[in-house]
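Here the chain labels run A, B, C, D, E, F, G and H in written order, and each chain numbers its own residues starting at 1.
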Amino acid sequence: MTDDRDKLIAEAVEKALKGDMDAINGIEDRVTRSKAKAALHKAKKAAKAAELTSADASESDAVENQTETISTNQKIASIIDGEFPGSVVAQEGESEECIYIQSKFWEKVASFLRNNAVLDFDSLQCVTGMDMGEGILEVRYNFHSMKLRHSIEIRISTPIENPHIYSIEQIWRIGDWFEREVYDMFGILFTGHRNLKRMLLPDDWEGFPLRKDYETPQSYHGIAVPKVKEEWE
Amino acid sequence: MSELAFWSVAFVTVASAGMVVFSGQLIYSAIALLFTLLGVAGLYIFLWADFMAGVQVMVYIGGILVLIIFGIMLTHKIVSVKISQSNVQRKLGAVVVGIFLIFLTSSIGDAPWFQMVTTEPSETVRTVGRLLMTKYLLPFEVASILLLGSLIGAAMLSRKEE
Amino acid sequence: MSVDLLYDWLNESIPFLSGNSLLLLLAIVIPAILLFLVIAVNAIVLVYAERKVSAFMQDRVGPMGQGVGLHAGKWGMLQTVADALKLISKEDIIPRLADRKLFIMAPFVIFVGAFIAVIALPFGETLIVADMNIGIFYILAVSSFGVIGLILAGWSSNNKWSLYGGMRSAAQIISYEIPAGLSLVTVIMLTGTLSMQGIIQYQSGGLFDWIVFSSPFSFIAFIIYFIAAIAETNRTPFDIPEAESELVGGFHTEYSGMRWSFFFLSEYANMLVVNGVAVAAFLGGWQSPIPGYLNSPGWGVFWFISKILVLVFVMMWVRWTFPRLRVDQLMDICWKYLLPIALFNIFGVGIWTLIFG
Amino acid sequence: MYRDFGTILIAALLGIVMVGVPLLIQKLIAPSKKSFEKFDTYECGEEAEGNAWLQFNIRFYVIALIFLIFDVEVVFLFPWAVVFKELGLLAFVEMGIFLVILIVGLAYVWVKTDLDWVKLKVPYGSGRYRKIKLEEKA
Amino acid sequence: MGVLEHKFQDNIVVEKLDKLLGWARSTSPWYFQFGLACCAIEMMATAASRHDLERIGMMPRSSPRQADIMIVAGTVTMKMALRVKKLYEQMAEPKYVIAMGSCATSGGPYWQHGYHVLKGVDLIVPVDVYVPGCPPRPEALIEGLLKLQEKIQTDRPLTKIDS
Amino acid sequence: MTKYFQNIWETVTTLLTGFGITWVHMMKIKKNNVTLQYPEEKWPRPERNIGFNHDDYNVIRSRLTVDINDCIGCLKCMRACPVDCIKIETVKADVRGDDIQDVGHVGITSNGSKKAMVVTRFDIDMTECCYCNLCTYPCPEECIFMTGGPNADRHHIDYEFSEYDRTDLIYRFAKKGTQEKMAKLMAPKEPKVKA
Amino acid sequence: MGIIHGEEMVLNIGPQHPSTHGVLRLKVRTDGEVVSDIYPVIGYLHRSFEKHCENVTYEQVIPYTDRCDYIASMNNNLGYAVTVEELMGIEVPEKVEYIRVIVSEFNRIASHLLALGTYGLDVGAFTPFLYMFRDRERILDMFEMVCGARLLYNYIWVGGVSHDLPKGFVETAYQFLDYFEPQVKEYNNLLTYNKIFVERTADVGVLPPDVAINYGVTGPNLRASGVKWDIRKDEPYSIYDKFDFDIPVGRGELGTIGDCWDRYWVRMREIEESVKILRQALKGLPKEGDVHQAIPKKIRPPKGSIYKRTESPRGDLAFYITSDGKPKPYRLKMRSPAFTSLSVLNKISRGWMLSDVIAILGSLDIVLGEIDR
Amino acid sequence: MDQLVNYLYISAILFSLGLFGVITRRNGIAVLMGVELILNAANINFVAFSRFGGMNLSGHVFSLFVIVLAAAEAAVALAIIITIYNSMQTVNVDDASSMKQ
């Protein structure tokens, strides 16, 4: 099956590169189609890179860097895996984009990321919560190293019934606010966070609005929240 | 008319002095003190002591009273805008003071006061200045040392905590 | 002075009451009411001027009174009149937690303090309501009323911003009283009198007989006095008590309508007073700058007022040009710069006078 | 003298009237609606937070204290200034001594940092506050 | 109620007085410096040199006690709603409200999925003039203010209201 | 000690510089004045030239307006709107391209396309609109547009239209009574109302 | 002395306060005049941006990104557009890139002008604020020429821009730049080097670089601390690699590195750099070209996620977009620079006075719309 | 008003009131206010005697010194009160004396 798919994708990409986008758009299976598009993207990039290398040596640096960032994830994943065996979850397909970490290892991995001289991720760029559907919440961390100028993305998933993730607030102080925000929106509890309160919403707000199943409340403190425009006019 | 003015000033002085002592709230006492001091300044005017009146206003109202109010605020919280204060030994105090007052008034009334007839001076400041520079030169310089002492003392006291 | 004149005049023109103390009362009340009008007009004009000056400095036009059928007059001349009228028809709010009595009392204290200071300003050779022997000292002394009023306002509102504002304001005003007083002392040293008229008469003659130009030290004294004056009227860069960006409204945060406008009125009256003192003490009061010319009593009033307005303009200029200081810097300026300079200035003037005059 | 100060007294009374009358007019024509929240203390739209105990800054007090001393000094300076020209050098020297003694006081409070508004510990960083702190420690 | 408010029969003197008061109130509407979101930036721009709100007598006040007009400039969220109400309450009578921009008028672009956005400030305070726009251009705001001034002028503060 | 005097010196000089700047501005107010005195002068066509030349505008973000006679009821604008403030209801016309006198329906647009739909309701809630202009691009007939600017010949500019009442800000472009009348017209044939 | 022990006061600054730049509330614990703790309460402008994004199509997200950082909408548009383009692999024509750079640099100037102006206001200087607004207004006029809107433009679209530049724009832009450059000098004379202003800001609120990085502070605030980090240079997006410009960093000229004055100064310098970029961009702007060429009919990015940073006037503005291949984003997260800048407030303003807190807050240049989203 | 005794009476009353305050008040600051009253009473006497004793103004100088004293006293006294308050959280003089170790 996968072979089939790969072949299909390869074909479609080839066609698309020649200008026939229909080949890709025509693919029935959505997953395959998007994969094909991603592949197309990469192919285009590679083509461009090749072009550029021949044209201008200095600009190729940037491109090389870019191609490198893609592989940094794998590289760093292997470093982490070497340090804490079993902590990195192998995820098919997207491993170039990110590193999946098992939630129970996160505490150690986080400080490893911060303190290891090879990694030296001194800057936590962003923490994104995500409702993956099917009862899974995910938290995605984007790290960057100001010194070594590389960045990775780390994902940790947790079940929606009992979402617990170790807090990295004390390692990167900005994590404090980011985690509170994620808690506010998704209700993920960060263990070890010293002040895990609602951040954007009022303290007495109910529900976690960015979960996919969130329902807007009827009223708040006696202020009605109109739902249907026509009725309310 | 000036008689009327005099008695009203005197009345204000005495009444507000009473307020100072009897008011249950410290801040009101302080405000009443403002009027007492003003009244005393007024009395100075009746005594042809205009410069003294100015000094009274400047030092007492502009300085000491402000300091007192700051002191009140420093030692009380704003939540108790109405700072109550308690009096102790009221009765005892009243008796003692009453006796004292009777004694004073009677002795004032009894004494044969000799009163010189004088004319209104043209400028008191000049005379005061001259006196200060000549006759009372020593106290004048001592006053500066006193001020220095109190400045240093008070500053030290209020710094002690650290 | 003018009270006497008025009294004499009244005595002559109303013979059946002559000698009656009622006439004296009348002779006092009339100029006092006139002065009140002066204060009110002063505030209205100055507010308007301030708005226009600031607008012009900022490349805009300021009040124009435009609108559909609404006109605050040409160039918005009636703008401040409308403001005043509106303020009088605003609701008066006394917060629940405020100390009612003191809250009500504060504007009275502040306004009366400013008002009785204006009384001693010499508008002309004979135009002074109360010419006291201790004139200048008197004005210095009564400015402490303002302090008490400010503290009362700040304290009684029972609001944190008010209290902060009131306290800062009080501390600021009392502190700057010292340099102001010290620089006035240099004037007294030269003139040898405390009476306003005496001081002005000392400066008779032309521009160069004014105290401000009499010696470099007295020029410094004038600068110090003027800085202190700006601070005493709580204007930028010394407006931390009312600093909008920090303390919302300072001590008058909780005041509304007419009660609030009395703070405003007193502020502008105070400007009149401090600048009046500056003019009288340093700039020759009602004396004309050119000796012998334009020196009639009418011109005297003109000179006095125009000199005040020049100084007021400088105050506005300062206000719309500079940022504001922080409270500790403000105290630093007072105690560490102005006060020592003023003290040494006294020595300077003393020596200068002993040598040259 | 009576007349001048009498003028002031009457003017003061008049001043009270002049404040009172507009307030009365306001009372008459201004609308007013009572509501509970209106009379709440204003605090940027929030409920007053925590206990409203104000920690009144001690610095104000210290400033007032220093002021008082210098105020008295100014009071002495005025009569002196009036007679200064009369008495000449003598007065100058006498006042010089007086002033110098007080300048010593000023210098004392200055050196002892009583004039500084803030004396505190800034946790880190630099700037003039730290310098103050270091000097204090030393 | 003020002592004399709405106490007089309509006659020429009262009418003139009413006119005068109306003129004063409409000519010096001081607004409450109170910006919430993007519209506040336009409000600042309106107050700045180019459009110069002071031209029509407006002056910013930062304490609600001294303000006449509350310009609700921006999105009112649920968290803010109670504060807005409170600030409105703390203003002294007579007071007016301008809803500036789509958000203040009806929740604007955040109507649909804005779980935390108040759908129109008129749900909590009475609004006198709605200024449309997102953000309203400064001219639009000025026009709204002029409209409000017209409205204020037609008020009869002293005349008896027939009920 | 030098620091002390240096401080004083710096203060004096920099403050004087500041004085100079504001003074110059005040003196040159006639030239520098940038105020647009709104009700008398209007942007973007002010009587007085403020700033620079403005012949050429792409578009003015102002009130939306619809040439209802041109609208074919394709709902594209409604779908493009991020805040759903356009409400259109249409009824299928009997004959494509025919005028229906009763409701003032014009059958053919100015571009010449024949309408298949009768627009019975076309409301734009300007209180909700975020003036993003997204709705005007997809319109095939270019009949929904913002007033003024390049469209000035079709509708004069209108960006200040504040109201005392919010419902006045909901603009109803469909001809009055279309809905009822169409309902009556279509009654026998089961009206199909699309939302 | 005399810190009397016992109760400290809790002061609320905001949500309605002249200098909180919107609806921020600071719970300040003061000890006399000295601030011992600051607790920023945000969310008063939480407008459900991310929820909205999940419910509208990719094109329709753009007006909402406008409304996040409403002072620099172009930069927000650009950040979003660049991110989606990368996700989809769209190449945009050169002309579009130039236009984008031009408008976003103009917007950077406008944003900095507003930031500096309000900062002047925070420390009490009224006039510079109005001067800066006056000049900002001219930039807005230009934007109005371009797209008709003054503040929220919805101009930069995925794959292109909504309109071509109008004729006469380039000349106008040159005119503006010629007019503007001397103005910077005037601001400097009026405010930057004013002794009072320097006293108020130099040495105040020092933000050391390591703290800044740990708190995720970016943009001018980070650069003021001496860290040379600018995405335009370090990870060039659009065509920023074609231009020659400097990255100003704080040098502690009048105080310590990373103080308020440095933050102010870096912004002032950035305005100059932007002018430099603008001159180059205006020169290089291709005359011909279709700006709509690369705009896709339907935006349906392939499945996957992307995190892309751009440099907004306030720092690293990043969008994290997860697509599930549908026309609406599955999840869109905006990493707003002001959010991180604000988080450091407590750290750097403890121990300073109330007035300093206002100055520090102003120097961080926050926009509440972006913090609360 | 031209009678010396009037002033003496007033000053006597002020003095007794001040004394009463000093005796009965527990609050240190209130006691201080009482003291100020007493000093004022004394000052009135000085000035009055000076006025009715030939206008030689020595009395004025004396009362000037008294005011100096009062200022110095107020400064120091308040400093003490505040120091006490700092360490004992009270301004009541009795408490202060009783809490002394």
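We take it that a contact is a pair of C-beta atoms (placed from the backbone, for glycine too) under 8 Å apart; a residue touches a chain by one contact, two chains touch by 3 or more.
Here the structure is a predicted model, which means the values were calculated and not measured.
Greatest Cα centroid separation from chain C: this falls to A. When the interfaces C-G and C-E are ranked by how many C-beta pairs touch across them, C-E comes first. Rounded to whole angstrom, the centroid-to-centroid distance between chain F and chain G, based on C-alpha atoms, equals 28 Å. For the pair chain A and chain C, the distance between mean C-alpha positions equals 66 Å. Chain G and chain H have Cα centroids lying 63 Å from one another.
Distance between chain centres (mean CA atoms), chain E to chain G: 31 Å.
Shared contact sites, meaning residues of chain C that touch two or more other chains, fall at 24-25, 57-61, 64, 66-68, 89-93, 97-98, 132-133, 137, 158, 160, 163, 167, 170, 174, 177, 193-194, 244, 248, 253-254, 257, 320-322, 327-328.
Within chain B, residues 1-2, 46, 48, 50-51, 55, 58-59, 62-64, 66-67, 70-71, 73-74, 77-78, 123-125, 128, 132, 143, 147, 150-151, 154-155, 158-162 each touch two or more of the remaining chains. Residues of chain A in contact with at least two other chains: 200-202, 209, 214, 229.
The touching residues of chain G, counted against chain E in their complex, run 15-18, 22-23, 43-48, 51-52, 54-55, 63-64, 67, 70-71, 114, 118, 129-131, 133-134, 136-137, 140, 150-152, 368-369, 372.
Across the complex, chain A meets chain E through its residues 200-202, 205, 209, 214, 216-217, 220-221, 223-226, 229, 232. Every residue of chain E that touches chain G in the complex is listed here, in rising order: 33-38, 40-42, 44-45, 48-50, 62, 64, 74-75, 77, 79-80, 83, 87, 109-110, 112-117, 134-135, 137. Here chain D touches chain H in the complex through residues 58, 61, 65, 68-69, 71-72, 75-76, going by the rule given at the top. Those residues of chain H that touch chain B in the complex are listed here as 1, 3-10, 12-21, 23-27, 29-30, 32-34, 36-37, 40, 43-44, 47-48, 50-55, 57-58, 60-61, 63-65, 67-76, 78-83, 85-86, 91, 94.
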